[in-house]
Amino acid sequence: MSEQVSRRDFLKLAGLGAATTAVLTGCGPASRYVTREPYQQMPEYNLVGHSTYYATTCRECAAACGIVVRTYQGRAIKVEGNANHPLNLGKTCARGQTSLQGLYNPDRVTDPIKRSVRGDVASETMNWDDALQVVTDALKNHKPSEIAFLLGTSADHLFDLVTDLANSTGVNAPVRFGALSMFEARATLSKAAENLFGQAGLPWFDIANAQAVFSFGANFLETWISPVSYTRGFSNLRKAEGLKPRGQFVQFESRMSATGARADEWVPLRPGTEALVALAIGKLVAEHHGMEVPKIFSGVDPAEVAEQADIELEALEHIAKMFAEAKSIAVPGGAALGQSNGLAVAEAVLALNVLADNIGKAGGVYLSPLAPTETEYQRPASIQEMKALIEKMNAGEIKVLFVHGGNPVFELPLALNIRGALGNVEQVISFATFPDETALESDYVFPDHHFLEGWGYQRVATGVNLPVLSGAQPVVSPLYNTRSTVDVLLTASQAAFGNALPFKDEVEFLHSKVIALMGEAGGSFSATDEESFMASFQQYGGWWKKSNGTTSASDSNVLDKTANAEVAEFAGEGEFFLVPFVSPTLGEAGANKPWLQELADSTTTVMWNTWVEMNPETAHHQGIHNDDLIKIISEAGEIEVPVYLYPAIRPDTIAIPFGQGHIAYGRYATTTDENGNVLQRGANPADLLSIHFNEAGDLAFAGMKVRIEKTGRTKPLSRLESRIGVYNEGMEGH
Amino acid sequence: MTATAKPYSKSAKTHDAHHEDEHDMKQYLMYDPKPRGEMNRMVMESMTTTSWKFWVVFAILGVLVATCFVYAWGYLIAEGLGVAGVNRPSYWGIFLVNTVFWIGISHAGTFISAILRVFKAEFRRPFTRAAELMTTFGLIQAGASIFMHLGRVWLSYWLLPIPNQRMLWPNFHSPLMWDLLAITTYILSSTIYLFMPLIPDLAMARDRSTGWRKTFFKILALGFRGTEGEWRHLTTAMNIFAFAIIPVMFSVHTIVSWDFAMAMRPGWSSSVFGPYFVLGALHSGMGAVAIVLFIMRLTMKHMDYFIRKEHFDALGKLMLIVTFAYTYFFFNDYILQWYGGDKWTDALLHWLEEGPMSWMFYQLILFNLVIPAFTLWNKKIRQTPWLLALIGFIINIGMYWERYLIVPVMLTINRAPFTWKLYQPNIEIFLTIGTFATFLFFYMLASRLIPLIPVWEVEEGQMTHSLRKVGKAELPTISEFE
Amino acid sequence: MSDTTLLLAVFEEIDPAANAVEKLHEMNIADDDINIISGVPIAHKMLGRPHPWTNVSKLSLGGAFVGFCVGLFLNFGTPYLYADTVSVGGQYVTPVPPGLIIMFEMTMLFAMLSAFLGVLLDSSFPNYRPLEYVAEVSDGKIAIFFRCPNGEKQKICGCAYKTRRNIR
Amino acid sequence: MKIDLNLVGAKGAIAEAAEGKWGMTIDQDVCTGCQACVAACAMENNLSFVGEEDAGYGRTQHWIRIERFWEGEYPEIKATPNQPMLCQQCGHAPCEPVCPVFATPHSDAEQLNLQVYNRCVGTRYCANNCPYQVRSFNWRDYHIDPFHANMVDGKLVFALHNQFNPDVTVRRRGVMEKCTFCIQRIHKAQDTAKAEGRDVFDGEFTTACAQACPADAITFGRVDHHESLVSQLSHHERGVKHLEELNTLPRVTYLKGA
C-alpha cells in the first residue's frame, strides 16, 4: 500500500511540473509545441525520452475494457487496449481512444465551485476545506433519509462506497443511471433472463462460435453493452477457419443501424412486431425440424405475422430455414426492447435460443458470470425507478442530492422534468468533471478527477464468460485542483457520522475491497502478500478468473410458457414511428471530445450534428430535401432537426441519434453564435420521449409515433461522404 | 522601286491628288501618313492628356488593389488557405484558374508581336506595344496567382533551382518545376521583348518632355540615339527574339497544360491538352487585345488615328481563325473523352453536362465556339470596334469558364467517389477582382508613362508602302527595309 | 582629335541623305568617320553604307550553349550531388524526357538573355554621357555626323545642302 | 562521382520489387465501420480536428477514412462493405514525382512514401495526383486556434496540446500530410531490435489503426517476409489491390467478399 501511495506522491510531483511548464510560448517554429519537463521532477524510474505505460480501465462506457495508457514525461499520450484483459484483448473503440481528449479537455472543472443561481454559468471558486465542510454539513444537518446519491454507470468502487455508506448510516441507497442503460433496456434484458432462466443479469451471447446470428434490434457493433467484445465476436463469426464456415448474420430492425449495415439479410420489419416475428420464426423452425410446435410459439400464424410486420412470408420462411439449418443464436436488444412489449420481445427471442438448444453452449447464450466482489447483478436504474426518485424529489423528501458520473438533466427524457425536480431539492452537489447540464443545475460542483487521474475498479457485467474485476489507477497526476469523490465522501462522512467508513483514503478503501480476492482460486495471478497482490492488480489492470465462470441456466420449462403475442402499442399521434438510437461514435457522453465529434457516423457519415433519418421516397412525397430543418412533434415535446435522406429506413419510420443537443458540457458539445453566446449543438431526442414503460420498467423509448412539420429553413449537415459520389446528386442521368 | 510605283512616303501628300475613295483610305493607317513629328506629338499628347475621369477610375482601381489584392492576400497568408474555397478533392481552385487565364491573356501579346513580325503582317504595327504590355502585366498576375495558391508562400524560394542549406536541389521530375522554369523564361524574355522596341520610342519621348518625365525617359532610354550600329544591334536582337520567343510561348502554355495533363486523373490526362491550351490562350488573348484596343481608342487622345478599322478587321479575322482552331481542339479533346468509355471519365462528363456547373459548360460552348464563329465572318461586325470588343469580352468569359471547368470542377471527379465535393470560391473572388484591378492599374499607369504606340515602327511601315498601278487600279504594295 | 572637326548634316528625306553620303565618300571621308543617326532603322544599303558589324547573334548562340549546359546540369547533374539519390514514383533518377524540357527552357532563356546582353554591350548601353545627337532624328530626320580635317570644313560645308551646327 | 547509367533513362519507370517491405491487409468482410482506427490514428499522429464547417466542406484531416456506398433500393438495400481508405504507400506513387521540392520522396530503406513536412511548400499537386485521395492538407492552423485555448494568467493555454505524441511532428498551416504507416513505430521497433541485436519479429509492433481495430480487420507487417501474417493474408484469394490497374503498386491489400 505504501508503495502505491508513494508512487502517487511522485506522480503528483511530476504533474506539478507538467502544470507549470505546460504554458506555451508565443510565436515561433513548430518546436513551440514541445513543452519540456524538468529533469529533477521526473519520477525516479522514468528515463527521459522513454514512455511509461500504465494499465487501467476505460470508463467511457460501463463495459470496463482494460486499457494501457502510454505516458511520456508526465503526460498521457495514447490509449491502447490492454492485451491481457480478457474482455477486449488489447482492442479499443473510438470512445476509449479519445478519452484523452476528456482528460485534457479545455472545459474541465478545475476547482470546486459554488453557484448562487442554479442554471447560471456564473460561479465562484472555493477551496477544498470549505468544500469538504459543505459536504460534511450536508450529511450532518439532514436526516439520512433526506440524502440521496445519483451515480453514473461507471466507477463501481464509488458505488460500493456509497452502498456501504447507505448500509451503515441509513442514507438512501445510491441510484445509478446512464443514457446507454436506458437505450439498451438493460432492465428488460435482465428481467427476461430472470423470468426464463430464474436468474437476473445480462445474458452473454457467444456470437463468435455461432454459425448464424439473428439480431432483433441489438446494435452490438456500436454501443450495446460491450461493443468491443461483441465486435471481436462478430469478427470471429465472419472469419472462416478450417471447417468453420463464415457465419451468417440477420438483423431485424426498422432502421438500418451500423450493426444492421453489416448483416447479410437486413429485414426492415414494422416496429412493434419483433416479438411476433421471433415467435413466428420459432414456429417455422419447429415445423422445419418436424417437431411439435412448442407452446410458446404456437400462438402465432406466420402468414399473419408477415403481413403485420410488413415483410414477405417467403422471406420469413427463408430466415427460419437459415435458423433451423445452422448453429444459430438470437440476440434481443436496442429499440426492440424499448417498446411497450419489450419484455415479450426479449422473452420470445431468448426462447428462440432455447429452441436452438444453445443455452450454455459454445455459440450460444450464457448467463454472464457475476463479477468478482459481486453478489448479485447490480443493474442501473430503469426509468421507472428514476421516475420514483424524481417523485421523491418533487415531494420534498430529498433535501440533499449528490450527483456523480452521469448527466441526468441531459440524458433523462425532458418529460420527466428532472430540472424541475432538482428545484425541489434544497441542496444539489455535483462531482462532475465537466461543466455539464446537471452541474449547471447544482449549487456546488466539487470536481472529481478524470478517470485517468483516479483510482478505482470496474466490474465487467458481461462480454466475456469470465468473472473480471478491472482495475484502475492514475496514469497521470491530477492536472487541476480536483479531488477524488471517494476521498471527499470518506473525509466528510467521517466528520459527519464518525467512523462509518473507516478508511484513510481511496486507496485504502480499494485495498479493502480487492484484497478479498487474494484467497480465491483460479485467479489470473496470485500473490502471497497483500502488497504484491495489489501491485499485480494494478499492473495487470485487474483480476479475473482463468477458467469459464458462466453459470448454466435452467431452460427446462421455457418453451412451455405462454407468450404474449401482440403488437406493441404506440403512444402519440402521427404518421411516423420514432426510433431514437445512441450515436455509435459519440455514445452517451462523447459530445465534448472534439475528435469524437469529427468522426463520421458509421452509417450517415455526419459529423458534429444531429440529423433525422428519413426514407427518400417519403421525403419526396412530402417535399422534403436533404438538410431541410424539420420540426418533429411528439406528445411530449418537439425538436428541430435537419433531414438526412437515408435509403435504408422504413418509409413509416424516422430515426434520430442521441448524443448531441447539449446546451452546456463545454465548447465542443455546444456551439456559439457570432456574439459568443452558447447555443445548443444539434438536438436531443430525449426531449421528444414521453413516459411510457414496458413491463420491466424500462422506458418505451421506441414506442412512439410522431408527426413532422416543415420549417422552411435549412441547416447543412457536415458529411464526410460525397453526396455526389454516393447518392449521385447532380448526376441524375448517370 | 519600280517606275510605276508611287512612294507613299511623306512627300506623297504633295503628289497630285489620287482619286481614291477617301473613306476607304481612312481605313488604312499606312495610306494616311502624317509626318513623324506630327505622330510624335500625337503620341506624346495621348500620354500626357489625362482627364479627371481617368483619375477617378485610377483611384477606384487603386482602392481595389489595396483591398482586394494587397490586404486580401495578406489575410490569406496570415490565416492559411482555409479562407479560400479549396478543399478535398478540389485542392486547386481559382488561383490556378487565374494563373492559366492570365498566361493565356499574355499569349496574345507575344503572338501578335512575334508571329506577325516574323510573317511581316503590316497591320500589327500600331498595336504591338499594347499587346506586349498585356503579356508582361498578365504574366505578373499569373505569377502572383501562383504564389497566392501556395500553402507556404514564404518558402516559395525553395522552388528556385538553387540548393537549400542541406544542398538539396528541387525536383526536376515535377511538371511544376518545368512550369516554373518556362514561366520564368517567358516572363523575362517577353519583358525584354517589350522593352527593346520601346527604347527608340523612349528616346523620342526623352527628347520631347521636361521635368521628371525627361529624367524617367532618359534613364529608360539607356542613351539610345539611333546610330546605324544601335539600330543594327537592336533589330538583330529583335529578330532573334521574334523567332526564339515563339517556341517559348508555345512551350509555356503547353507546360501549363501538362501540369494538368501529367496528372493521373480523368479528364486531365489527355495528349491534346498542350495545343488545346495554346489555342485557348490565343483565343482569350485575341479577345483581350480587341478590348484593350477598343478602350484605348475610346479613351486616349489621337488613338483613332493610329488604331483603325483595318486593325479591328484584321484582328477579327485572326479571332475567327483562332475560333475555328479552338473549336477543333475542343472537339478533339471532348470526343476523345466521350468515346473512351472509361468509368471515371464517363462520370466526369456526366458531371460537366448535368452537374450543378453544367451551365458553365454550355456557356463555354456558346461563348467560345458559337458566338464568335457566327459573328466574326461578317466584315461589318469585325470593323465595328465596340462589337468586336464585346465579342472579345464574351470569349474571355467563355475562356474563364473553360479554365474554371478544367481546374476546380474537373477536380471534383476523381477515382474516389466518396470524396467528390463541389468547390465554392471564397476569398478567391476578392483576389480575382484584385488581380484584374492590378492588371488594369498597371496598364493605366503604363499608358501615362510609356508611349503605347511604337511610332518608329509605324513610320517604318508607312515608309515601306507604295501604290502600284496595275491597269487602271492602284494597288498597295509593301516592302520591308531588310 | 584637335585637328579634326565634327560636322552635322540633317536631312528630311532618304535620297538627299544618300547623295550626301556619296559626296562624302567622294571627298575621301572614310565610312568610319561618318555616323548616321535616324529615327527609323534605315537599311545600310539605302545610304550606301557598309554592313554594320554586330555581336548579338554570336553572343546569343554562346548563351544558348551555356543555357543548354545549365539545363543539362540541372537535370542530370543535381540529382547526383547527394550521397543517396532521391527516388520518386519509381522514375529514373535522371529521366530523359523531362530533361529535354529543362534543357529547352534553359537554352532559350540564356539565348535571349545574352541577345539582350549583346545589345547592351554592343551599343554600350546604358550610357548617359552626352554624345553627338540632335533631337530632330526622332522626328524622322536623318542626321549625318562626320569627322573631317579642319582644313576641309569650309569645302564640305559648301557642298552640303545644309549645316546646322557642329558639336563640341 | 560515378554516374550509374541505370539511373538515366527515357523509357518507362523502373518497377520496384512488387511486394515492397511494409504492408497491410484490411479484411472488409469484418470491418464494422466503428471508426476506432480513425480515432486511434488521430490520437497517435497528432491529427487536428477542423470543426463542423470545414469538416463538411471536405477538409477533414482523417488519414484513414471509412468509405461505404449503397447497393439496391429499399427494401433490398445493402450498405457495401466498409472500405477503410488510407495511404496505400504505392511502389509507384503518382504523388511523388510531381512535388517540385522533393517533399514527398520514396524511402528506399523502408519502401514507403515519405512526407517531409518542413520541406513542403503547399502546391498540393501530390494530393491532386493521388488516385486514392488520401492526402489531407492543413488548410488552417487548426491546432493553435485560440478557440481551443483558455486564458490563464494572460496567456493562452492549450490543454489539448498535452496529449501530443512527441514522436510525431505537429503540422502547421500550408503543409500536406498523410498516413505514414506509423513510421515512428517502425523506427522505434527497429531501434529496439537493433539494440538487442536481432530483427524485428512479426507482430512485435503494429500501426495505431491495426492496434485499435476491435474487429481485427487490419493486419500490418512485413509483406516481404513470407512467413509473416500480413504476407500470407495479402496472398489470400480474396485479396484485391485498390485501383490496381493504375500500376501504382499499392501496399495495402483489401480482402473482399466472403
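For clarity, chains are labelled A, B, C and D in written order, and residue numbers in each chain start from 1.
Everything below uses one rule, namely that a contact is a pair of C-beta atoms (placed from the backbone, for glycine too) under 8 Å apart; a residue touches a chain by one contact, two chains touch by 3 or more.
Quick caveat, the model's predicted, so the values are computed rather than measured.
J.: Specify the chain with the shortest distance from its C-alpha centroid to the centroid of every protein C-alpha atom present.
T.: D
J.: Which pair, B-D or C-D, has more C-beta contacts?
T.: More contacting C-beta pairs are found at B-D.
J.: Between chain B and chain D, what distance separates the C-alpha centroids? Give it in angstrom.
T.: Chain centres of chain B and chain D, defined by C-alpha means, are spaced 44 Å apart.
J.: On a C-alpha centroid basis, what's the spacing between chain C and chain D, in Å?
T.: The computed centroid separation for chain C versus chain D comes out at 61 Å.
J.: Between chain A and chain B, what distance separates the C-alpha centroids? Give it in angstrom.
T.: So the centroids are 66 Å from each other.
J.: Where the CA atoms of chain A average out and where those of chain C average out, how many Å apart are those spots?
T.: The separation of the two C-alpha centroids amounts to 87 Å.
J.: Which chain D residues sit where two or more other chains touch them?
T.: As it turns out, chain D has residues touching two or more other chains at 57, 60, 65, 67, 69, 94, 97-99, 102.
J.: At least two other chains touched by the same residue of chain C: list those residues.
T.: Where chain C meets two or more other chains at a single residue, that happens at 79, 86, 88-89, 91, 95.
J.: Pull out every residue in chain A that's touching 2 or more other chains.
T.: Correct list: 720-721, 726.
J.: Can you name every pair of chains that touch?
T.: A-B, A-D, B-C, B-D, C-D
J.: Inside the complex, what are the residues of chain A that reach chain B?
T.: Residues 720-722, 724-726, 730-734.
J.: In their complex, what parts of chain B are in touch with chain D?
T.: 79-83, 86-92, 149-153, 155-156, 158-159, 168, 170-171, 173-177, 180, 259, 262-265, 411, 414-419, 421, 424
J.: Under the touch definition given earlier, write down the residues of chain B that touch chain A in their complex.
T.: 346-347, 350-351, 354-356, 412, 416-422
J.: Which of the residues in chain A end up touching chain D in this complex?
T.: 18, 22-24, 30, 33-35, 72-73, 75-81, 88, 90-98, 100-101, 103-106, 108, 221-222, 227-228, 231-232, 234-235, 238-240, 246, 256, 258-259, 261-262, 266, 268, 479, 584-585, 594-600, 602-603, 605, 607-609, 615, 617, 647-651, 667, 671, 716-721, 726-727
J.: Okay, in this complex, where on chain D does chain B touch?
T.: For chain D paired with chain B, touching residues are 54, 57-60, 65, 67, 69, 85, 94, 97-102, 119-125, 127-129, 131-133, 135-141, 173-176, 243, 246.
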